[in-house]
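So, here come the structures, one by one.
Both complexes shown next keep subunit A, but they swap its partner, so subunit B is in the first and subunit C is in the second.
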Partner chain A sequence: MDALADFLRVYQTTVGVIGINALLALSVWLTLYAGQLTLGNAAFMAIGAYGSALLGMRMGVPFPLGLTLGALLAAALALPLGLAVFRLRGVYLAIATIGFGEVLRVVLLTVPFTGKALGLNGIPAITELWHIYLSLAVVAYVLWRVQGSTVGRAWAAIREDEIAAASQGIAIRRYKLAAFVAGAAIAAWAGGLSAHLNFSIEPGDFGFTRAVQILVFAVVGGTPSVAGPIVGATLLTALPEVLRPLKEYRDIFAGLILMGVIIYLPRGLVTLAELRKTRRLQEIGVADVA
Partner chain B sequence: MAEQLYNAIFVGSIYALFAVGFALVFSVLDILNLAHPVVFMLGAFVALFFMSTFGLPAALAAVAAFAVTGMFGIFLDRVAFAPLRRRGAPPLSAMISSLGFAIVVIRLMELRYGPDLVSYPAGSLPQTVLQIGDARLDGLRLLIIGLAIVLMVGLTYVVRATQLGRDIRALAENPRAARLLGVDVDRAIAATFFISSGLGGVAGALLGFAYNAIYPQMGTPYELKAFTVMVVGGMGSLPGAVLGAYILGIGEIAALVFLPAELAELRDALAFGLLFLVLVIRPRGLLGHRVADRA
Partner chain C sequence: MLLECSGISKRFGGVHAVAEVDLAIAPQQVFGLIGPNGAGKTTLVNLISGHLRVDSGAIRFAGADVTGLAPHTLTARGIARTFQGVRLFKGLTALENVLVGGHARMHSDALRRLWPRGASDRSDRERAVQLLERLGLSRPDALAGGLAYGDQRRLEIARALASDPRLLILDEPAAGMNPAESARLRELMRALVTEGLTIVLIEHDVRLVMGTCERVAVLNFGRKIAEGTPPEIQASPAVREAYLGSEYAA
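What follows is the complex of A and B.
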């Protein structure tokens, strides 16, 4: 138990960031599972982070209420946005959501209320590790249950073939919007937690790079199950720490590992265990197992 | 005013050269190549290498940048995209693979040249100023605008009127059918990457010449701009990408001229707001003809 306590003391920030990244990865997994490739979750994260931090610092709103309001605000913005981009799919949706994120980032850079380029400093560090991991456990459990429910099957059907799903009587628009809005709320919740884990936030934290990073966590981890995004976020967040001895070659290895995973483990890290089975099936001639 | 318009056309020309290469790969292979900004940056550094090591004049160094980055594009395809294509992986995988590739190359260049601004050798760039009426125009930029237009006309000719262009268009339409019809698909893919990356590399070299300051991350801002350009013009449409590039270039300079100084930051929001509006109102863009809901 002492060893664990020591480990947590030394790596407290990393452990916290891992949990937050896992939440973010789950937020984008939810939309991917419903067949929507969105890069807007960094923007919703920013809304949660700025929303909860401003509410707490300027108006003295208690932390849990601030987090909730931040998530609700993100959901309230995601609803009209989701309606507007409802028809878009694939990279078109991705680019539209990037556009939304960039507009938000530039607005945060320009408006004095959000501190312009300097962002917000002196945010009280009140996020505890158990806040993060309790949130992660709740979100992961709910998503896992939803995945197996009628709703989850409807999402999967929409992802595989939208027209076929519609012809089965699935209310496409409603289900897609639900995934989009719920993903936004989860990302905003994670954003609020991360703002109060660090001392400061700035618009640059929530740009294109962050949006892609969140997506990479989910895809590298694997999208077939809820475990994938959590595994992906954990390993990729811990990777820089693990690769620290490589010093300046660290990013190079991180990039190579990213390529290696996407090329050799197409369905993500969580399918590693199934790989030998897959090979065996291919050898005996069962095509198209993946 | 004339100077501002001149700069707008210059910026638009660089956007256009960057975006046509990006759009070419997207239209033929449905790949969003996130390593394109890296090729752009490499073009600027290849030109620097030839100028400082071999004393090549800037014009020849730009040609060298085209050739070297073109070959690099083929290498990029072999390493990052070919293994995925063989397996029929979704476009999202290709996007992430090219992202990993980009990280590696940018970091390697930072180790070699440092993360800071690098200049071209003193006296290696022509410095002429054109005096037209009241306006003082940088002569080098006029050359760059002219060269960009020549390259885009050349690209149009290759794609529209040559056998290679027909092969590439057949590939874009349907790879399987193209192969059945006897098109050498692998050669067409290699040519696509050569042209796309060569144009990206030249764009980087020309931008480097104009600003005389290059750095390993210099391509990154152009990536997001290229998204806007492609969406406004119509995804996968080459003339659309050119049109979108000049609209964006002129729009940005106009925002700079007409917006009050304290709102100057907002001009980037204008670009992305434009992108968002076009996608919502007219997803196929100005000149696009494909339906937008292709996955």
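What follows is the complex of A and C.
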């Protein structure tokens, strides 16, 4: 127990960031699971971060209420945005959502209320590790249960074949919107937690790089199951710490590991276990080689 | 009449894919739709199932005007279909495909499932397995994309039946099936009609159409050129003319 306590003391920030990144990865997993490539979750994270921080610092709103309002604000913005952008598919959808992120970033850079380029400083450090991990546990549990429900199956059907899904009585647009709006709320919640973990936020924290990073967590971990984004975020956030002895070669090795995973495990790290099971079944002649 | 199309038309650019077609399909029968390649059969099916919107004309289903309704709404009203060239959810299992097929019939259980032991879907799963067995599919947990082509065709029919439709549209269901399989398909269609279903059958296999359908309509260049019982169609000069010299091979 003492060893664990020591570990948490030394790596408290990293452990916190891992949890927040896992939440963010889950937020984009929702739309990926429904087959939609969106890159707006860094922007929704910003809305949650700025929203909860401003509400707390300027208006004295209590932390849990601030987090909730931030998430609701992101969801309220995601709804009209989703109505507009879900006319598009694939890369066009991704670009449209990147556009939204850039607009928001520029707004944050120019509006005095949000502190312009300096951002917000001196945000009270209220976030505790258990806040982050309780949120992660709840979100992961809910998504896991929803995945096996009629809603989760509808998302999977849309991902596999949109036209055929419509023919099964699935209201395509509504289900895509639901995934997008729920993802936005989760990203904003994670943003609020992260703002109160880091003392300061600035518009640059929530740009294109961040959006891609969130996507990479989810894709490297694997989108078939809820565990994937959590595994991906954990490993990729911990990797720089683990590779610290490599000093200046660290980023090169992190990049190589990333490439290796994508080339050899295109469906993500979580398929590693599945892969061994399939091989075993093939050996005994049960599984089809599809 | 279960399905009534009156004067429906669809143009793509300058091409009349479907031109002023009238159809009246009475319940509990197999209604055949044939015609040379490019005659507009699949376009007509897409208009009826809501995947395309009619430019003009009206469609009535079960006594209500359904012109311009979305595909998912029409499925909920009782129109199910399969696709030319199979459109399964390849990454899902056979069982999951059939469960998705029942989407319109099921209530959302997402909220109830948040409780660890809430909302058992056992009855849905049992029903899906029964449907698979009826279609001769014995491996519910096999991935749909890994099935043999004939099995994929039958799985698509099972998925369509899962919505408890009143009208089932089959777009070339026998393509890729061997004679034994298509004979079993014919038996299945007859059995379904006895149970109250109405089937629209689009098919290139003329023998299957003539041997299964009560009535047949013939399309050519987007227009309906003949309609009647199979013997009437076989005797029709207009139909012979349409097929003569075309690349059609039964």
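Everything below uses one rule, namely that the second predicted complex is superposed on the first by the 275 of 290 C-alpha atoms of A that agree within 3 Å, B and C clash if a C-alpha of one lies under 4 Å from a C-alpha of the other, contacts with A are read in each partner's own complex, and residues count from 1 in each chain.
By our rule, a residue touches a chain if its C-beta (ideal position, glycine included) is under 8 Å from a C-beta of that chain, and two chains touch if they have at least 3 such contacts.
Just so it is clear, the model here is predicted, and its values are computed rather than measured.
Colleague: For A:87, using the defined touch cut-off, is the partner it touches subunit B, subunit C, both, or neither? Pick first, second, both or neither.
Modeller: Once the two structures are laid over each other on A, A:87 reaches subunit B alone.
Colleague: Given the superposition on chain A, which partner contacts more residues in subunit A: subunit B or subunit C?
Modeller: B
Colleague: For A:262, decide between first (touching subunit B), second (touching subunit C), both and neither.
Modeller: In the superposition, A:262 contacts subunit B only.
Colleague: According to the stated criteria, A:95 is in contact with first (subunit B), second (subunit C), both, or neither; which is it?
Modeller: In the superposition, A:95 touches subunit B alone.
Colleague: Touching A:106, do we find subunit B (first), subunit C (second), both, or neither?
Modeller: In the superposition, A:106 touches subunit B alone.
Colleague: A:160 contacts which: subunit B (first), subunit C (second), both, neither?
Modeller: The second partner, subunit C, only.
Colleague: For A:137, decide between first (touching subunit B), second (touching subunit C), both and neither.
Modeller: So A:137 meets neither subunit B nor subunit C here.
Colleague: Quick one: is A:118 in contact with subunit B, with subunit C, with both, or with neither? Answer first, second, both or neither.
Modeller: After superposing on A, A:118 lies clear of both subunit B and subunit C.
Colleague: Under the touch definition given earlier, write down the residues of subunit A that touch subunit B in their complex.
Modeller: Result: residues 37, 84-85, 87-92, 94-96, 98-100, 102-103, 106-107, 109-110, 208, 212, 215-216, 219-220, 248-249, 251-252, 254-259, 262-263, 266 of subunit A touch subunit B.
Colleague: Taking the complex as given, what residues does subunit A use to touch subunit C?
Modeller: Touching subunit C from subunit A are residues 142, 145-146, 148-154, 156-157, 159-161, 163-172, 288, 290.
Colleague: List the residues on subunit C that touch subunit A in their complex, please.
Modeller: Spelled out, the residues of subunit C in touch with subunit A are 49, 51, 70-72, 75-76, 80-81, 83, 87-92, 96, 99-101, 103-110, 113-114, 119, 142-143, 145-146, 159-160, 163.
Colleague: Which positions of subunit B touch subunit A when the two form their complex?
Modeller: Residue list for subunit B touching subunit A: 32, 34, 79-80, 83-84, 87, 89, 91-93, 95-97, 99-104, 107-108, 111, 223-224, 227-228, 231, 235, 263, 265-266, 268-269, 272-273, 275-276, 279-280, 283, 292-295.
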